[in-house]
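Okay, got some structures for you below.
Two complexes follow with chain A in common, the first pairing it with chain B and the second with chain C.
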Partner chain A sequence: MPAPTCASCHAARAALRRPRSGQALCGPCFCAAFEAEVLHTVVAGRLLPPGAVVAVGASGGKDSTVLAHVLRELAPRLDVALRLVAVDEGIGGYRDEALAAVRRQAARWELPLTVVAYEDLFRGWTMDAVARSTAGTGRGRSCCTFCGVLRRRALEEGARLVGATHIVTGHNADDMAETVLMNFLRGDAARLARGGGLGSRGEGGALPRCRPLQFASQKEVVLYAHFRRLDYFSEECVYAPEAFRGHARDLLKRLEAVRPTAALDLVHSAERLALAPAVRPPRPGACSRCGALASRALCQACALLDGLARGRPRLAIGEREHRGGGDAEGTRGRARAAVEAAAAAL
Partner chain B sequence: MCQVGEDYVEPPPREPPPVPRPGCGQKCVKCKQGDPVVVIRAGDAFCRDCFKAFYVHKFRAMLGKNRLIFPGEKVLLAWSGGPSSSSMVWQVLEVRPHHPQGLSQDSAKRLRFVPGVVYVDEGAACGQSPEDRAKTLAEVKQVLHVVNFPWHLVALEEVFSLPPSVLRCCPQEPAGTEGAYKSAVDSFLQQYHVLGAEGAEDSCGRARGEEERPWPQSQDPHSLPSPAGPPSAAQTEALCRLFESVRTLTAKEELLQTLRSHLILHVARAHGYSKVMTGDSCTRLAIKLMTNLALGRGAFLAWDTGFSDERHGDVVVVRPMRDHTLKEVAFYNRLFAVPLVFTPAVDTKAPEKASVHRLMEAFILRLQAQFPSTVSTVYRTGEKLVKAPRDGCGGGPSGPRCLLCLCTLDIDTADSATAFGAQTSSLSQMPPSTLQAEAGTPTAPCCAVGEGPGCCWKARGRTDDAQAQVTQQLCYGCRGNMSDLPSLDRLPPYILAEAQLRSQRAGVMQEIQEYLIEDSSDEAEGPQS
Partner chain C sequence: MAAPLSVEVEFGGGAELLFDGIKKHQVTLPGQEEPWDIRNLLVWIKKNLLKERPELFIQGDSVRPGILVLINDADWELLGELDYQLQNQDNILFISTLHGG
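Right after this comes the complex of A and B.
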């Protein structure tokens, strides 16, 4: 059976069906439409003002690769400057290859790349070291908790280092939908109250963050990467995949099979969830150690590192931290010094 | 397996159960005397009497805590024949004054409202044969005779003769305050004692007023045009055709729920009930929360699953079974021989991946088996939700309402940076060069006004104006469901009539809009009647 003609240009043969609408399009029309939609999200959501210096969190994976590529296409129209920031978590055998992919991308697109390493930022802690430390405590699965918190901090530091005014990450609609399901299943009302938007506006001195791909489904991201022939790294992290997210991911896959719009329906729900005022998180303050944004006395990164340093890495998200003493310098100051030293050495 | 001495014949207390499983030497955790028969939570073994007290207390506590049902108020119990709603009817029966099995002789502890039961026969939507339906109805009537409350038996076909006014929210007089509730209780008790002196046997009958006699069928002057007897064949056929035309089981379940709730609402209004009680259990509500979340009803979760649901204004839906788990319900029904009526539902025997509802149910129950706190966690998360719209999302209580679910519309402006905007924008057809930086100024939801330029779902095709007219009046979730209907023409006439009326009104409003002087911050709204 010959392929139908493209529903947009009515000239070329269609090469794909859009997962959500079922519309048959040719490759170039699909890519143009995808880019237009991201542009629309950025413009209508007023995510990136003209003149912004945007740090793209690049992991080498499909989402960040597509995001960087789309934004590079749109950069002249949006009038923004792009910087790639990659984080080296220090995971042997896995991260090296991913970083190699990021380096190839940066060279191909001629974008400036900065790599920040956990080892330099966090007193020598690499993820491998964290994993060894947590392995014996029965919290072997909490690797992702540590890594997530630390990566967030590392990205922030990297973005400041390159003089960025905004941070963008490649989270897509499926990621957001999984997060909503997960937060609901574990009763995380504070996160439900905070989430739902396209990012944070940058309160308390933190850089504004946003997710321009939030309305693009994972399938479309992969399709875009396929038609633009993007080179990305697609291996799963060597540390155990987050068990709970696995449940949510599995559920979302099945939901999408029943109803193709499920992911966006969940995103819509998340935008509209109204939580009681009592469970809304208090206005964040500053970490008493490093001055970063924190909802408690210590920011999550400092609290986790504190636990690791004491050899008691029991602290996970949501557990109460013990008031740490000493070390007034904190992660942020230390991190900045380390990054600057690294930059000077290059 | 949690019930000691479980047996599949009538379990009379013939002999001590053939226990000695380890740990079964223990006594009931409550009274420390009785032999335990059921373990509800890990380690908590209850004897029969204590379990009953625990169960009934939960029900009464839920009502007492919320203080929503006033003494002497008429309450319609929505009964489907299933475990939870049957158990609910039984609770009400057991704690009625002067019931032979009345739990408490203390008048202060009795339920003081006036109950009635409604049963909706959904056989046509579920593909039951006329013979099966007749059989089910006979069983239903048998139970209703045992319960002996005033009852209303309606067939789902009657949605074809509903008036459009069902879809209007009737504003309610200001809700009773704490003080009002207390004084109402006091005056009721006084009246009760006076009556009690006259004759205890009759007192409850008089308190109930003129509706003491159970009706054979609803025979009220304001009743539906076709009150008694089976529905006409033409209506049955129309209903079957409507349900057969729905493309997905998900949309079918949602449609059935919508029509059923409209019908129950109509029965309640026609007979002067100001409250409707549904039997949603804690387990069911947790499943419903997750299902509705996935269907894009995030804005309405508190309405759909909260204790009380005031969206209709004059008739409030109440969910008093929301603290009972399905497991407790099942044990109670079994231990106390609560009569049930089994009827196949639309999703009976459907595979797990047939609908969002089935999928979510299977997922939650499976997760619950692995992590026993799943249901309660989801349920408690749901309790933290509020009915007011989220900050920054428009649509106050006076905003336009969804035609089907009657909730305040949760529709963003077309082409906004939201999940809704992403699906409605017609960008995908345009080449990117035509896109300029359009500063999206937030305006009122355009679909509410009718046909503004660039109105939502334009992209979906203006081929059918009537279709678009209906769609524009729906919330996000209902739009998703209705898009699974090939044609909205098969919907019952009251929905289409109300849709037309609303859009006419919106058109008129638009014409006179420029002459209106806005004074308050309140949005000018179309007249309610």
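Right after this comes the complex of A and C.
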């Protein structure tokens, strides 16, 4: 059966059907619609005001590649300046190749690129070293938990280095939906309540962050990259198979097979959750070591690094020093910390 | 009864890693009783091209969820998915979306 005609230009053959509207569009019309939607997300949400200097978290992967490409197209209209910031976590055989892809992109797009390395920022701790340190701690490797916290911090540092006023990352709707599932599954009610909306306004001196692609489904991000012939790095992180997110991703993929809008619906639901009064947090303070927002004496990054240094890597993840407490306690502790962090934004 | 067909099978987004890293494959499908549709093409690919870990590419009689299929640059959803009848010189592209970005 031949493909239908594009519903927008009525001239070319349709190349895809958009999941939400069911509209059949050709490649160029789809790309134009995709870009218009990102523009709308940014403008309607007032995410990147005129004059903003925007640090783009660039990993070389499909999402940040599409993000940077689209923002570069829109930059004149938005009147913003872009700076690429890439994080080198120190993962041998993976990150080097990905960084090579980012360098190629930076050259092609003529955008400045700054690379920040864990090794320099975090007392010599590369992810490979963290992985070795957390191996065999009995509950499966948790190095991805470290990476999530440290990468956010690294991106913040990189953004400051380049004088950015805002940070953008390439999280898409599927990523957001996976995070919702993960938070539900781990009892992290506070993160659930905080995680929705249009990014953070910038708490305790942190730069405001947003995700211009957050309403774009992963499939459409990949198709956009295809139709625009964008070159990106597409290998999985060597530690990814151990990450909890994989389970959420598998579940989401199966759900999408029967309900194509599952990702967007999950995010929609999460945005409409409210915290029960008992869980509302007190105001947070500042980390005694680095000054970042923290609900306890040390912020999450400093606590994790401390644990590593003392040879007790699970310290900030779940264990208690005097008990050998279970994960649930640690989860509630982190949930409390996250809730307290969210409070500052209110 | 299907005549032999010449098609181009492409892999991207990381899927090529399951096929010795080779992205483009010029393929001649032999004449056979069964028609050459995507369903049968997948069986043929599994038998003749797939080098490792078939479960990362194929699930049941279709592709693993998260792998996009484009036929001549159009989403297979528009063309009947597994039932699409292959034509000579068709290009079938499989793009994996299953990695971080």
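Keep in mind that, in the parts below, the second predicted complex is superposed on the first by the 300 of 346 C-alpha atoms of A that agree within 3 Å, B and C clash if a C-alpha of one lies under 4 Å from a C-alpha of the other, contacts with A are read in each partner's own complex, and residues count from 1 in each chain.
Please note the rule applied: a residue touches a chain if its C-beta (ideal position, glycine included) is under 8 Å from a C-beta of that chain, and two chains touch if they have at least 3 such contacts.
In this text, all values refer to a predicted model and were calculated from it rather than measured experimentally.
Undergrad: Taking chain A as the common reference, can chain B and chain C both be placed on it without clashing, or not? Answer clash or fit.
TA: After superposition on chain A, which the two structures share, chain B sits beside chain C with no clash.
Undergrad: Applying the touch criterion given at the start, work out whether A:H226 contacts chain B, chain C, both or neither, answering first, second, both or neither.
TA: second
Undergrad: Which of the two partners, first being chain B and second being chain C, lies in contact with A:G27: first, second, both, or neither?
TA: It touches chain C, and chain B stays clear.
Undergrad: Does the superposition put A:G61 against chain B (first), chain C (second), both, or neither?
TA: A:G61 contacts chain C only, not chain B.
Undergrad: When the two structures are overlaid on chain A, which partner does A:K253 contact: first (chain B), second (chain C), both, or neither?
TA: Touch partner of A:K253: chain C, not chain B.
Undergrad: Given the touch rule stated above, what does A:R17 touch, chain B (first), chain C (second), both, or neither?
TA: The answer is second: A:R17 touches chain C but not chain B.
Undergrad: If you stack the two complexes on chain A, which partner ends up touching A:I91: first (chain B), second (chain C), both, or neither?
TA: In the superposition, A:I91 contacts neither chain B nor chain C.
Undergrad: Given the touch rule stated above, what does A:F184 touch, chain B (first), chain C (second), both, or neither?
TA: A:F184 sits against chain B, while chain C stays out of touch.
Undergrad: Looking at A:S234, would you say it contacts chain B, chain C, both, or neither? Reply first, second, both or neither.
TA: Touch status of A:S234: second partner only.
Undergrad: Which chain, chain B or chain C, is in touch with more residues of chain A?
TA: B
Undergrad: Mind working out whether A:A262 is in touch with chain B, chain C, both or neither, as first, second, both or neither?
TA: first
Undergrad: If you take every C-alpha pair with one atom in chain B and one in chain C, what is the shortest distance in Å after superposing?
TA: In the combined three-chain model, chain B comes within 13 Å of chain C at the C-alpha level.
Undergrad: Based on the A-chain superposition described above, do chain B and chain C contact any of the same residues on chain A, and if so which?
TA: The answer is residues 254, 257 of chain A.
Undergrad: In the complex formed with chain B, which residues of chain A make contact?
TA: Touching chain B: residues 8, 18, 20-21, 23, 32-33, 35-37, 39-41, 43-47, 173, 180-181, 184-189, 192, 196, 198, 215, 247, 251, 254-255, 257-259, 261-262, 264-279 of chain A.
Undergrad: Touching residues of chain C toward chain A in the complex: what are they?
TA: Counting only chain C, the residues touching chain A are 12-14, 17, 65-66, 68, 70, 73-75, 77-80, 84, 95-101.
Undergrad: Any idea which chain B residues touch chain A in the complex?
TA: So the residues of chain B touching chain A come out as 248, 250, 289-290, 292-299, 301-302, 353-356, 359-360, 363, 367, 374, 377-378, 380-381, 384-391, 393, 410, 415-423, 425, 427-432, 435, 437-440, 476-477, 480.
Undergrad: Name, in rising order, each residue of chain A that touches chain C in their complex.
TA: 1-4, 13-17, 24, 27, 59, 61-66, 170, 172, 218-219, 221-223, 226, 232, 234-237, 240, 249, 253-254, 256-257
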